[in-house]
Amino acid sequence: MNTSLLVQLLVNGAIVGMLYGIVAMCFVLIYKSTQVVNFAQGEFVVLGAWVCLSLVVSMGLPFWLAFLFSLVFMMLFGILVQVVLLRPLVGEPVISVIMATIGLSIFMRSTMNWIFGNNAVRFPQVFDTATVQIAGLNVETAYIMSLVLSLFVMGLFFWFFQYSRWGLAMRATAWNQQIAQSLGISVGRVFAMAWAISAVVSGIAGVVIGLVSAVSNSLAIIGIKVFPAVIVGGLDSIVGAIIGGLTIGILENLAEFVDGQYLHVGNMYSVAPFYVLLIILMIKPYGLFGTPDIERV
Amino acid sequence: QEDSVLVGHLADYTGATSFVGKQYGPGVSDAFKQINADGGIDGTMVELDTVDYAYKVPEAIALFKRWVGNGMVALQGWGTADTEALISFVAREEIPTISGSYSAHLTDPQGKNPNTRAPAPFNFFYGPSYSDSCRALVQWASEDAKEKGVENPTFVHTGDNHPYPNAPKEACASYAEELGFTVAPPVVVPLAPGDFKAQCLTIKDSGAQYVYMGNLGGSVVSLIKSCNTVGVEATYMGNPWAGDYQTVEAAETQNLIFPSSTPFYGADVPGMELVKKIVENGEGQVGDRPTHHYLRGVCSAYYMKEAMEWAKANGGINGKNIRDGMYQKSDWVPEGLEGVCSPSTWTEDDHRGLLKVTINSGSFKDGEAVIEKIAEIDVPRRDEWLGQ
Amino acid sequence: MVHVPNPRPTGDFRVSYAADRTIFRTRNETMAVMVGLALVALAPLFFGGYVLSQLILIGIYGIAALGLNVLTGMTGQISLGHGAFFGFGAFASAWIASRGIPVLIAIPLAGVMTMAVGMIFGIPAARLKGLYLAIATLASQYILEDFFARADWFTGGTYGSLAETASLFGFQFNSDARYLYLVLFWVIVTFIGVANLSRTRDGRALVAVRDHYLSAEIMGINLTKYRILSFGISSFFAGIGGALYGHYLGFVSAEGFTILLSIEFLAMIIIGGLGSVSGSLLGAAFILLLPQAMEVFANALATVVPAIAQGTAYIKQMSVGAAIILFLVLEPEGLVHRWRMMRASWKLYPFSH
Amino acid sequence: MGGFCLADQENTLLRVDGVSLQFGGVKALSDVSFDVKKGELFSLIGPNGAGKTSMLNCISGRYRPTEGKIEWRGDNLLKHSINDRAKLGIGRTFQNLALFGHMSVLDNILVGRHHRLKNNFLTGMAYWVGGARREELAERRFVETIIDFLEIQHVRNEPAGTLSYGLRKRVELARAVAIDPELILLDEPMAGMNLEEKEDMARFIIALREEFAMTIMMIEHDMGVVVDLSDRVAVLDFGRVIAAGQPEEVLADEHVKKAYLGEEDEVLDALADEQEREIA
Amino acid sequence: MTAEAKVSDNAPSKANDTLLSLNNVEVVFNDVILVLRGMSLDARRGQITALLGANGAGKSTTLKAIAGLLKTEDGEITRGTVSYNDSDITYTAPDKKVRDGIFLVMEGRGIVQDMTIRDNLRLGAFTRRDADIESEIEEVYRFFPRLQERKGLAGYLSGGEQQMLAIGRAMMAKPKLIMMDEPSMGLSPLLVKEVFGIIRRLNEELGISILLVEQNANMALKVADYGYIMENGKIVLDGTGAELSENEDVKEFYLGGGERRSFRNVKSFRRRKRWL
């Protein structure tokens, strides 16, 4: 067995998985506060990357400044989406809202195609050293940045939902909008916050991905790729999202190892996570950390 | 005497293949604009209906039917998905089609090769098939390896499990073996871009010196970037859609080898005059620096134009006559595009129009893509390769 | 007790239970459907290939959407894998037909095969709920897509496979006009089937599972059985739709059956109206015609504002997205609901507010 | 307190023997035993959270006792799956309404007939051939008698979810009756009703016993109802049976008074008066 | 008693005493279903106002209309006004209303089932920044010791425990006006008494005005200062608690006559007298 390759793949999986974890966290955030699965998540990620990129390239801003600005932009964008799209849908069945996010993803994708073109564009060099070595594997510095950020964001989210007033309000809104309203929670404001935060975090993820693999609209696929991560971790668990992300990241790489070394069937990398997803769900129907539904009559 | 004929044009400006679709499509439409400006098909105007079908098959079918209803005489198609879906329709309606899908199995119009599953009598494309360009690349690679003194070099195919990247997989692998390569198991790389370090580690582990990339656009960029990060030392070879200055720039690659069947924009050939005029009078979708995909679009349009001229002179512009028009010349270069479109020959039982493949190398130097022609390969016209 | 107006028109008195359980509620409704059918049946006399092909595709997608409606609308299980089942049906039928079995028989057989596959992928439904299940079906989408690309013997691998033309005693369904009748036949069969289903035992059980599975179980309904059955029924329709699609195109290729198609099916039933039989057709028509309508719209816009001529392709796509959003904002319960509300207020006029 | 009335086996329909139920740390039931005889109306009362609903859930199968036995006509009930119990003849209503909100009242009730119907999705789709139509119409006839009996004709075709609370309770009862059960479990059938509606409900419950020959097990907090209707009463507190027997004597129990009824109570006072008068 | 008797002599005369007032309100669901048809009532400051009525009369709808919670059910106020503290709040956002001090304890309790009891209580105080949450939670626990014993998610509470939690949550909100939709539903006799005791204490000690919807007319009229009876979407009778308790029809249909009738001998032909 080729141990050093295996180790490198595992390290790679852990690092990429961390990134999945961040995007997964954005899902969880929206889900936890609104019960909506955001199909435009991938587009949010790409939008963040494009905005930062164009600030750097066309406006010539230094990266860190551009990064900050793009996060502010994403926040405003999240709120805008909420006001224009989701506020009118308050109280409608969740599936309609989910569909609306699909509409949003179509809309955003074409708009971004128009504005930013559909070529892949690279970031100018941002970090002095593009890569660092971990366990024999070259890893992009951007990933290290994402790692630090994601741990930080995760802690923040955890605290937010557990202890803050608005965190509670979000959970109540997700449970039942009417009940939340009856408690004096502005459902609109909760939505706005959730979407703003999620957009900002997606923006962070987008910039990292953009730094690693050049920005292009098709990066939005990550929005769907992290579904298994979200589910493995449990839809409503912040910690679960990170662990789910890690699990999927490592799994992909493990599958690549097994496939590349022994099986040679091809495509295991993309499909294996889905098989494992099914297996995990059969054993733990609410993922590893999800809260079971309350079944009481 | 009609004064205009309808030609349908499927373009992908917003869908999955828009990265190159936005180059090829305008090539076709700008060319027809120019053709009409120059007097059309001996006075008959071509009414080109360009529609962005976003790489969606049902939309392509719907458009096709609508066009047929409106009396379409020929079709400028695009991708694998729609071309394949329309094969039987175009055959039934006798609509000659020139598309951007270069699958080799479109080249066997009569089903002469017993391995051909579905003959495609009305399908054409300009340029070498995916299989033939890949063969040319391995042929180049085998010489390159010899030059570098590499014994028994390793070749690996990468690409998604999708008809387009897969098209040359077997053909190319068996030719590579024939030329003495060790062929590593193909590595599946998704068509959507992403972080491909895992796949790259496998490639690195296989020790491949020559990596064929069946994908295009962002996916190719991602693959090269990821492989550079993990330290793969290999020569990357792309399919006809995978290499252009945009890709080279985005991937900051050194030495991306890719085939082409036209020179690059601005090259010093007689036909470039016309191309420049086409770009100038065009809609301006490609800016002032079109890629060679645009030029291929132009060629596709002009071959169709001359076939229509023949048809007009021989019984009228209809599908069947246009198809026959495609068979009339050998080593055919459309008038005014000398040096741009390579001499091609289509015959009733062999639609491999072009077997000459130009091999280029693209490198990113000082913030700019530099592309050089490094070889020209003539792929042999073997019978058993017809449709394969 | 405040009187809640009955969604059924006033002045309509039934004298038997049988009359109370009919599919169509009034004679007018029956008439409307009959006239609609007749119009479609006569369409080949008046319309060319374009209109016919649209009718055919609407019918085909409508059948598959109807299947999804059984699963999602009736049973409350969201599926993100319907497109793959649709594809499976297409491949299955092509494969069966290539074995020398007449296409007209291959189509229902493909439906049955797809049903079996659907039930296998439906097994997780026995334990999973809501979005967890939805994502599990996403897994079936990717697993099947991978299977299509891999199973050379069955699908022709990535190259796809040829689907023969349907024929009956030498009569070839090889033109749009002819094929339309074949599709129409299946549309009628499937839609009547589902309408019947929803007024009989198993249909009620499915809805009961959706509305309150805990009490459904206590009412004697076997949850596992019905959850999986619902996948089976829905895949059956997907399979029929896919088979018809395959034989219509004559060629089946894996790349058409992606997650995007699955999402489009979802869009169809949500826009048509969840759980509504006729809404499935309306939704299919909407999703199919929307991009074409937007094409016209974008081009028209470009003639007014020439500056955007470059962007018509994007405007078209954007307006598809925008149309879906607007639609949901304005009529979240679907086309059929809108129609019913309109009818209800006509009937109540002038008594409605 | 353990079991009581272990008398005549023949007549015992349901027998709960030493049932305990635990949720994590919470012991919802501990060592509960009682039995329900054919044809009687057995009431289960007790403070909130005592475990009454949990007991019903054990019988109808929603929960599985951690310990103990439940016998149905002398046969082990616990080996039957939840959905089988309807077939065995156990029907129930729910404390928090559990109707099929988007279905019409009629369809809700027809769901109760599920286990009696033979048509399946195939014959159902074919409808006219294969007998589904005949069967459905026959059932429809039966269901109409239930609708008439419970006086809900006017809402027959309304979606159950839009009905007012009281009507929904009635529809739920109708649905349970449609199962045609031998034992019907009622979880607070009168909650949220005004006097008049309670009287209606009482009427229905009495009719269920007398005309439909059903055995009834009821949880109820209205002592007037409990005393007037039940043959026997058991009181749960903290998951244990703290008293059982005839309604009047159980309610007179000091322990019950303290844990459940409170010291003084108008209804009870009235009851006591009544009793005194009767005794007198 | 006839409809003319509606204008009771005892109705408080000071107009500025009125805290909440509904004026000819109409509510329509799904654009077509008319549920409230000209509902008018006043709730006076510092008083307990009871609203009684048969199932389906529209009591819950009235409360939701006041609280502004109809939108999620596709309902809307199509006519009439709701005013509170002399300002029109007919179309004010629901969260604003809570901040202004109107709090609804919904029918069916409306607790957030997938949260702990404690978090539910904390949510009650959502609109209050000043709250000393911990000590107030202790206060609630004093009222309902059972809640303190229960760990885990609120969804697993028994029906009655959930009701306690809902009332406890309203206490946390410290509003000016609490609207309660059938607070005694599903409670044991002991607790029913306690709850009414709490209602009274909330009213007397904290000066909270209360609008009470109840089926337990006996109790409700006992604690209420003023009462309304509604049928079919509008008020048909009103008066002080004592007046209503004496009204023959109310006695007959809501209070059970002079003497307790046995449920065993209900006659099926007895139908409710309609005021309409």
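As written, the chains take the letters A, B, C, D and E, and residue 1 is the first residue of each chain.
We take it that contacts are C-beta pairs under 8 Å (C-beta built on N, C-alpha and C of every residue); 3 or more make two chains touch, one makes a residue touch a chain.
Everything numeric in this text was worked out from a predicted model, so none of it was measured.
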Quiz item: What chain is most central when centres are computed from CA atoms?
Solution: C
Quiz item: From chain D, which chain is the farthest off, judged by mean CA positions?
Solution: B
Quiz item: chain A to chain B: how many Å between their CA centres?
Solution: 36
Quiz item: In whole angstrom, what separates the CA-based centres of chain B and chain E?
Solution: 74
Quiz item: With chain centres defined as C-alpha means, what is the inter-centre distance between chain A and chain C in Å?
Solution: 31
Exercise. Could you give the separation in Å between the centres of chain D and chain E, each centre being the mean of its C-alpha atoms?
Key: 28
Quiz prompt | For chain C, residues that touch 2 or more chains besides their own | solution = 1, 4, 146, 149-150, 214-215, 218, 314, 316-317
Exercise. Pull out every residue in chain D that's touching 2 or more other chains.
Key: 53, 62, 94-96, 98, 162, 164, 167
Quiz item: Listing for chain E: what residues touch at least two other chains?
Solution: 33, 54-57, 156
Exercise. Within their complex, state which residues of chain A touch chain B.
Key: 2, 5, 8-9, 12-13, 16, 19, 110, 113, 118-122, 130-131, 137-140, 209, 212-214, 216, 218-219, 221-222, 225, 252-253, 256-257, 259-261, 264, 266-270
Quiz item: What residues of chain C sit close enough to touch chain B in their complex?
Solution: 48-54, 57, 61, 146, 149-150, 156-162, 174, 176, 249-251, 253-256, 288, 291-292, 295, 309-310, 312-314, 316-317
Quiz item: Which chain D residues qualify as touching chain E in the complex?
Solution: 23-26, 46-53, 95-97, 162-167, 188, 191-200, 202-203, 206, 221, 223-225, 228-229, 259-262, 265-268, 270-271, 274
Quiz item: For chain B, which residues count as touching chain C in their complex?
Solution: 11, 13-14, 51-52, 54, 56-59, 61-62, 65-66, 68-70, 80-81, 84-85, 87-89, 92, 105, 117-118, 161-163, 166, 283-285
Practice problem: Under the touch definition given earlier, write down the residues of chain A that touch chain C in their complex. | Solution: 31, 37, 39, 85, 88-89, 92-93, 95-97, 99-100, 102-111, 113-114, 224, 227-228, 230-231, 235, 265-267, 270-271, 274-275, 277-278, 281-282, 285-287, 290, 293, 295, 297
